[in-house]
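Some structures to go through are shown next.
The following pair of complexes shares a single chain, chain A, combined with chain B in the former and chain C in the latter.
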Partner chain A sequence: MAADNTIKLHYDVPNDDFTRAGEASSDLKGKLKQMGISPDAIRKVSIALYEGEINMVIHANGGYIDAEISENGLKLVLCDTGPGINDIVQATQAGFSTALEQTRMLGFGAGMGLPNMLQNTDDMIIDSIVGVGTTITMFIKM
Partner chain B sequence: MENFYHSIYLDKELCKGCLNCIKRCPTQAIRVRNGKAVINNKFCIDCGECIRICPHYAKLAKRDTLEILDKFEYTVALPAPSLYTQFNNIKDINLILNALLGLGFDDVFEVSAAAELVSEATIKYIAEHKEQWPIISSACPSIVRLVRVRFPNLIEHLLPIKAPIEIAAEIALKKVTEKTGLPRNKIGLIFITPCPAKVTYSKEPLGIEKSEIDGVLAIKDIYPLLLEALKDTVKEYEDSPMPELSESGKIGIGWSVSGGEANGIVSDNYLAADGISNVIKVLENLEDERFSGLNFIELNACAGGCVGGVLTVENPYIAQTKNKRLKKYLPVKVSSFNNRATTVYSEDVDFDWNKEIVYEPVFRIGNNVIEGINNLNSVEKIVESFPGLDCGSCGAPTCRALAEDIVRGEASDTACIYIFKEYFNFLTLQLSTLTHNMSDASDAGNSIANLEQSLTSFFNKDAAPPEKEEKEEKKEKK
Partner chain C sequence: MTVSDIQKLLNAKVLSCNEKLNMEVTNAFASDMMSDCLAFAKDANVLITGLCNPQVMRTAELLDIECIIFIKGKEPTDSMITLAQNNGICVLMSEYCMFETAGILFKTGEIGGATVGC
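Now for the complex of A and B:
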């Protein structure tokens, strides 16, 4: 059970389901509005979380998201057991993508996801082990 | 908080509490309490969905009747272009406009003519405000109201230009004042509307201080009268040429169907969505900045565009076909800042919005963030205790909506028939224990005390006494 004045929310991100990718960010967004979080923080959360969620679907095999929200800010943990990221520095560069042609046809793969996530968070930690998975922790201040 | 006037209302007598509307409302504004629908006026955006769905015609829209013409010395009809698509075999818009005069109006000025000017102003605005891309159309009042309560980050993307109905009213006013010399209060500017949202707009517009529109008639109300007037008009001009009153072309007429407004801005980088649930999806995606490279977003709450308004008579898709036929022989546009009569009057009309739109966080469940977080925790906990069927029997559209109502202090968990059943079974069990123990005097005392306690806690659960609701529910089932 969450401590007082904090709320924890959990989302499963299903494997390979493009139509459902974005459900977590959209649900969280609605709840943040109900909580009275500032529109500016909501904008950042929805952009960063959506990008992270879609990466989990495209590049990994889905996973889960844990959100913890308090008056001071949000902590978002995105965890997957996908292939992992080989070179994190390279992956976060604008325009870098390993997306296949097929994915690009769907409009993804511009290599802007991770840069957008970095830009819309106050802090972001990428933990990744090739062959094991990736955990991205994002902080957004209020 | 201001501007929460609504044209949508409930006729309590007609409402059967059938629950059909609660799930259809896009903002979850409706609850059924004590057997009758109740609209939360902070949530409602006057989209008209509940009018569309109610099988008992209990949801209605306020509007004026033709008698309003008697209140003024000189009246001008401002027909929405969707009116033109309601008739069979009418190829000339002038016929409809002349028939409107036959209804008793002194003059007529087309909203579609003003729309062509708004299209021109929009083109200019888009080109000059790249930082605001994508710009979201603001002509549908329900969309503006929806953005205001639900999409705070998109308010700055709304096109800050007056809607065609307002520009039409302002131009008509200038024209008539010059022609008749009458004071403002003797001139009646009467809009002919396809939807309730524009009635709401005329009373409490967003983006501007006050609308010049003096009254609003519904297309479906004047339709039968207009059919008669059309016959008379045809007869009247059998041997003489009919006065040419129309001042609009393809662009202006096109505004009545989804995609028409975007068509008028001559751009390929636009998106047009219609139907309130589609619109909400687009707004959600826009908020996550999922579209890049678009400069204009046209949104219409009604499926098909304004021709799908609940105060029209024709099927919206047939209306779309008729719209195409009407446009066939028309020039691209007639009204423009550079030509004809409208120019003279539009010259000193101010097209820009003059009032800021402020985010109204009506969906908040606390007075501050801490309260919001704690209340949401309570909501989550209550939701877990519900069966998750979203059956609607409690009068709320979803289990979550009921949980939110409980946390807001507006409902009790016994409104849920499943929870109610559990309590009921529990009480029955205690009662049977009591009867069983009656033979043994010492245990009976204990059981009575237990039962009394359960009963007290059960009935205290409800802020509003549950008895009434129960009775209503039982009646419904018979």
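Now for the complex of A and C:
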């Protein structure tokens, strides 16, 4: 694929709509499948993006996702204007969660999302400012 | 073992994808936390859960889990069933609670665990 063959996709993640969280991940998974990307890479993308999408809904107030598929792999940018993350190192530790009981009742809030995203990506950068928002950039080789 | 075998063992109701009853399944994961499924259910093609919301279907879809077993008393809504149907996921409703459902399948020796890192 030449550099100008980069495919760009944009998804809006609705504010506070838990039912719809995961729609972007599902759509992107379908597109990667059609493109003949390896099941192993698709699985990593699906897990990392879905965790990120859920976080945008349960910890922030939605936002958007930009995906860029190129020769080397997939770049995902997840951007929200939520409360931000105070201590990023702490947030990426397995088991750390600020999720409320109501989130746990929905099946999330084990503090496994960020560690799982790190596990399933080749590169991941968390930019967050308290009171401004969080932007997570992930790269997965394909 | 096939999904049909599971259906008989659990006396389960089939709620979607009847056409998938002959599908072979090998590994199961049981949890009410989708976080844990996403982190640990490495080789699962069956998910046993007491959580009942659309994210169960999404989790299964994204992990390529083709069979969900809802434990006793958990009844998915029509829109959840449609989501499963559209994604080719066979949904069963077990007569048994979590412990019994998992135990019955484990005892056959034909369904293994699916965990990684724990």
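Please note the rule applied: the second predicted complex is superposed on the first by the 139 of 142 C-alpha atoms of A that agree within 3 Å, B and C clash if a C-alpha of one lies under 4 Å from a C-alpha of the other, contacts with A are read in each partner's own complex, and residues count from 1 in each chain.
By definition in this document, a contact is a pair of C-beta atoms (placed from the backbone, for glycine too) under 8 Å apart; a residue touches a chain by one contact, two chains touch by 3 or more.
Bear in mind the structure is a predicted one, so any value in this text is a computation, not a measurement.
Chemist: Quick check on the chain A-based superposition: chain B and chain C, clash or fit?
Modeler: Aligned on chain A, chain B and chain C clash with each other.
Chemist: Examine A:K31 and indicate which partner it touches, taking first as chain B and second as chain C; both and neither are also allowed.
Modeler: first
Chemist: Identify the partner contact of A:G113: answer first if only chain B is touched, second if only chain C is, both if each is, neither if none is.
Modeler: It touches chain C, and chain B stays clear.
Chemist: Looking at the overlay, does A:D4 come into contact with chain B only (first), chain C only (second), both, or neither?
Modeler: The first partner, chain B, only.
Chemist: Can A:I69 be said to touch chain B (first), chain C (second), both, or neither?
Modeler: After superposition on chain A, A:I69 lies in contact with chain B alone.
Chemist: Go through the superposed model and pick first if A:E101 touches only chain B, second if only chain C, both, or neither.
Modeler: neither
Chemist: Which partner does A:T19 contact after superposing on A: first (chain B), second (chain C), both, neither?
Modeler: second
Chemist: Give the one stretch of chain B, out of 133-141, 169-177 or 403-411, that collides with chain C after superposing.
Modeler: Stretch 133-141 of chain B has C-alpha atoms clashing with chain C.
Chemist: Take the contacts of chain A with chain B and those with chain C, and give the residues found in both.
Modeler: Comparing the two interfaces on chain A, one with chain B and one with chain C, the shared residues are 22, 25-26, 29, 39, 43, 46-47, 50.
Chemist: Flag every residue of chain A that touches chain B in the complex, lowest number first.
Modeler: Chain A reaches chain B through residues 2, 4-7, 9, 22, 25-26, 29, 31, 33-37, 39-40, 42-43, 46-47, 50, 69-71, 142.
Chemist: Enumerate the contact residues on chain A facing chain C in the complex.
Modeler: Of all residues in chain A, those touching chain C are 18-19, 21-22, 25-26, 29, 39, 43, 46-47, 50-51, 54, 104, 106-113, 115-116.
Chemist: If you look only at chain C, which of its residues touch chain A in the complex?
Modeler: For this pair, the touching residues of chain C are 32-36, 38-39, 51, 53-56, 58-59, 61-64, 87.
Chemist: In their shared complex, at which residues does chain B touch chain A?
Modeler: Per the touch definition, chain B meets chain A at residues 150, 152-153, 284, 287-290, 359, 361, 363-366, 368-377, 380, 404.
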